[in-house]
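The letters A, B, C and D name the chains in turn, as written, and every chain counts its residues from 1.
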């Protein structure tokens, strides 16, 4: 974001456009929660999951804390304690309410949270209709950041809703009317060649990007090959059938400890019924689609699968080299599958780089050379998480299309599985 | 209950009366939940707490499992999986859904649970209007057990609601219209003398009692003295002021470990604000009433207080000897305080034996000589909990009046504090 | 011990005798450790176990802390820090070194500990040769307590050594020259009848007893029957074969949780090799002796076995009634089996009441009516452990014969198994 | 190691030389343990620490498992169970004895372990005097690997001995005769400039290197600056005095959680006595030397310090660029300080790159492009640990001099502190 600070003053038309976009993004969050019952909004099914009503409030809090309070004269919070309850992890902005206790709070209830949203939305409309002149640039940059933040939470909402409903032996569907997957057969993997050399990696230019995508810098990349599509459920089943989860030589030491301690024998949400594999999806329990990309695997499982397949995961630089000249097309939130699906082949260049599943890379999430976090509390957005996590690239079936780009760095701890994460193979040329 | 098996066949008038009582008890449970928001019904604030909607469903399940399924021909469950979801701990009746996960289940929602209740209520009305002749006695006994069970859960509902709301920094009141405590000054403790000898302890006769209260048997009780009232908040404050929580010599070894590990320095729900003690109650946060009985203390704290005061806790036999010729009057659920209150003195015999707070006794919860649990799954009701728990006597401000009696044995693990529990002093004569 | 306070001044002959006994008891502790390697002295195999060199030092510390420091003018400790390192749990006497960390301390080494013992022994000889007149009675009482304390640790040493060596896949024997078990066939259980009534329970009179055995008081005991011998390994095998560990209806709720969480399917130290049961003993791994008493079972297992056998555990009062007129004969430390063995039948009255294995009773370890702990730090000896534990009676094959009596109350938490504990059946007459 | 496979057949002189080196390295391990008491050899002070006698046995096991068993005809193990007890983590070579239980095993004792060493040494002498011709090259490579492995454990032994003795309130010195630190004043940091570009990183050529140091490959490195010496205790004290441990904005999120959960306020082994900082060293407790390099800090602390100082940690490539043309001189095991010391300034190029303390880098421990682990069980040596760890460079005061080189990659989890680890600052040019 540091680079954005040098942008010029916004025109009125830009403000209008931004307000429009603000309303659109805000509406999408509410549309995502519309199919839920009140009770569904309250559950925290594990410490990493947040209750949907917390998400709805927190993304409003972000606008209140970083825009309304500093820039809207005379702004009155709806309830001062919300600043504590809905602060996620900004230690330099008061004391966040403990994450693992978010599911212990029944009030404010769902209706109260919507009242809070309306309160913030009205005030944001006021702010954007006549922003204080000297701060207009910073305000627009922060609004954009707030919208990108809300889009991240739209994906988190869908991940968390899936996890919450999957705890329930009733196995309720989030929506029965999701768009069904196309029936497509996936051919054997074909390899695309990429020539190495010094490459420019990271974001530069006008469009929005998170601070962690900058600065654009040079990396030396060796020649490599990348598979033309994602690994499928069918391929992953072969790995399981070959004893993949029982062969220590395929696993990182931490991974081997993890699968044994947790008793993992298959991806998250897979269930065996009547001698056939099924999968819990946002449309309820479904027979496993062998041509669809494998999803809800940890980094450890992705890494072990790649080793078993005689390949490896791509580095994030390799992935970015491959993706940088591909169009941003794919199975996103707007496709309304909310589940990865098989792709139509053949395809110019590697398919499924964007959408379907986040692709685990071989790269630890660490700062780029010369990285500088944003100033103030917003500097806590990305930088402080740069330890113990791996980078994932490309977005997934729950990511809003306008949210993703080739330089986007997502990150999760290597044992996490509730995000829509899969893998693509790479190897030396 | 073993003794109930010999009762005679019920008359039709008895059935009518029972159905009336059934409706009344069932209505009370719903009245208790009426002030809650939907969201409040979903929370499990610690593993020992259950979400209110789980309570509402479980007490209906009890009638389904032990009456409708065995005795009502053609009974159809509303949803077969409820038998799994709402079984609390009856291992011999299928596999109970794991207790600690009750708060992870958003469906069935509150409205569904009420539909389940109505379904059971209709079927129970059918069963009680024309019970199969040969089982009528057993049916009536089980209905009575089911109602006593529901009354236990009425108290549990209030304990759990208090705990759920107390987690919330908003400190919401369950009800703003509860009956306020009378302003009464408590005099110094006076001691009542009781002469020892062989005494009959436990339940016998026609009325209802749980299996663990039987058989009536003889115990030798030494001469003893019992305080004329409960220990007050004011007295407990003196214990705190005297360094009670910092003096290892006052504590059982397990208690000393517990208070240090948990960081306890006062009863549960006490909070210090602006240099004054307050207490979270079902009416919200209130200044501490120094004349009211101390409440929400663990056995360890009760035991340490008694040692500090140069006294001890009564044994359950001593308590029963004192209570057996006292009228069952006191501050119960029906008093609508839902909080222990000071008592009007003087009083014939010890005051506050019934109601206000459960009184920790010095006795471990173990079977009486000759104890036999009920037959079948109902045998799991009490007997299997006879380890690691202490007996409490007398009922509390959340106990329905018709539920308590002098022989009633309540039990909790010694570190538990969320029940309405306090203490009364005893000593050698 | 309160009752001991009234004893008269000791004669010189008594002092001589006490010094003799002092030397004898001290020598026994060292004889117990003689077969160990230096390395064996250092291990703490679980938090409940102490390294043998810690035991050797702690039992010397007891004499230093409670006799030498208060009563021997000019006494100089060998090292002041030992007072911290070897204080077990006397919170009112300084800060005990954390129990779970005893195995992290390599120094003082074994030779240093023996130097400490000699230092204490020399000073104790000085003290006993000319005790200050006005304290002579108290000194003699404390010496006796110190010796009883050391005898308790002799049994603990053997329990702990067994546990330490049993962790080792080499399965080393503590001693290869232990006296082998007699080959004796145990007949079916026969029942002895006991008539109920008001009975006197607990210690009174001149001999030594711990404070928790007092005061002698009355209890009402119903008629009961007691088995004529302990439950055998063969009988316990039938319980296992009958699915005892898989039937929830046989278990207390806490016991059921414990065996499932810990994965218990047999007593501690049992191992299955080549389709036959073996048992780790102080003489190494041995085939299971089906006629020997079952040992190393928890209270939960003893309780479940009794339920399976259609019987129950005796209360501690019942046990004491039965034992009070039996001679104190049995398989003790001095028998040099260090393992329970089958008994020669028939027998006047119940056999094996003393020695072989501690017998779990149905009684929680709580104070007798009118109980008063010793004054000062010694009051922490017993009283503060009176929660969460069950009483065991009768001593075992590792108990010094002179240490046990009919009123002796041992106690362990219900899940503990590393002590030599078994059971005897009781039932209603 | 893959690259070593192409080396030519060894000459006899090489074998002689290797045997000589074998004896020397083996003798060093025993010299390290010579000052220990038998009891010290048994302790495992935390799961990451191993008892010294385990180290002594394990480094012998390595030769048995990977050389004697496959290549010495007729080799008889001293005890077959040692193969289980002393396997550290080679899952493909039998089942390793659980790491956290190494401290529960008193036998084999210290004398037995030395017998095992002699047994292995004799057999190794046999093998090296006439190795089977067709395997001679592989044998020599494995012997070298075994010796490098033993050198790693020499450093681990010193780390573990320090940790073991530091648990003890007696604070015993490992050796009183260690060489004292020179009294040297450290000037302010000066910065060395390094010009960026494509650089070759990693090992190539004849000498020994671990597989994880290969293959040599290109990386693009930006211009950077490196401090001319390590961060000192004095500088680190300023960080503490400035509230470093209380300012969330200086810390990675995982680091902030770690220091708060563990209660860290200073490096490991620092203690405050009489208002002055002291440090537990292998020579016992010493006043903190303000000019000596700070040591025993976690990655999180190193990272937070660097942020506080307005700088950052170097990447491992940057470090290697700087070190690759520096002589391998420094404060190593052979210097006999066994503690980092101040350096004599000025210095050609950055000082203290080798020896004193391992330098935390900013780089996660991940495979180099094209990395291939060794074949078979030896492939578990490095590769499987490539997750969740950070790279450290340069060796320390406990590293044998012949063991280190500029390409050497050490790795630890970011919260680990018991290794001799400190830091050097870097920044953008």
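Assume contacts are C-beta pairs under 8 Å (C-beta built on N, C-alpha and C of every residue); 3 or more make two chains touch, one makes a residue touch a chain.
Fair warning: this is a prediction, and the values are worked out from it, not measured in the lab.
Asks: Show which chains lie in contact with chain A and also with chain D.
Replies: none
Asks: Please report how many Å separate the Cα centroid of chain C from that of chain D, as a whole number.
Replies: Comparing mean C-alpha positions, chain D is 47 Å from chain C.
Asks: How many angstrom lie between the centres of chain B and chain D, each centre taken as the mean Cα position?
Replies: Measuring from centre to centre gives 60 Å for this pair.
Asks: Could you tell me the distance, in whole angstrom, between the mean C-alpha positions of chain B and chain C?
Replies: 38
Asks: Check each residue of chain B and list the ones that touch at least two other chains.
Replies: Chain B, residues with two or more chain partners: not present.
Asks: Strictly by the criterion at the top, what is the full list of touching chain pairs?
Replies: A-B, A-D, B-C, C-D
Asks: Provide the residue numbers of chain A that touch chain B in the complex, in ascending order.
Replies: Contacts found on chain A: 37-43, 45, 53, 81, 84-85, 97, 101, 103-110, 164-165, 167-170, 172.
Asks: Of all residues in chain B, which touch chain C in the complex?
Replies: Within the complex, chain B touches chain C at residues 89, 91-92, 198, 217-220, 222, 248-249, 251-256, 299-300, 303, 315, 362-364, 366-367, 369-370, 379-380, 384-388, 414, 428.
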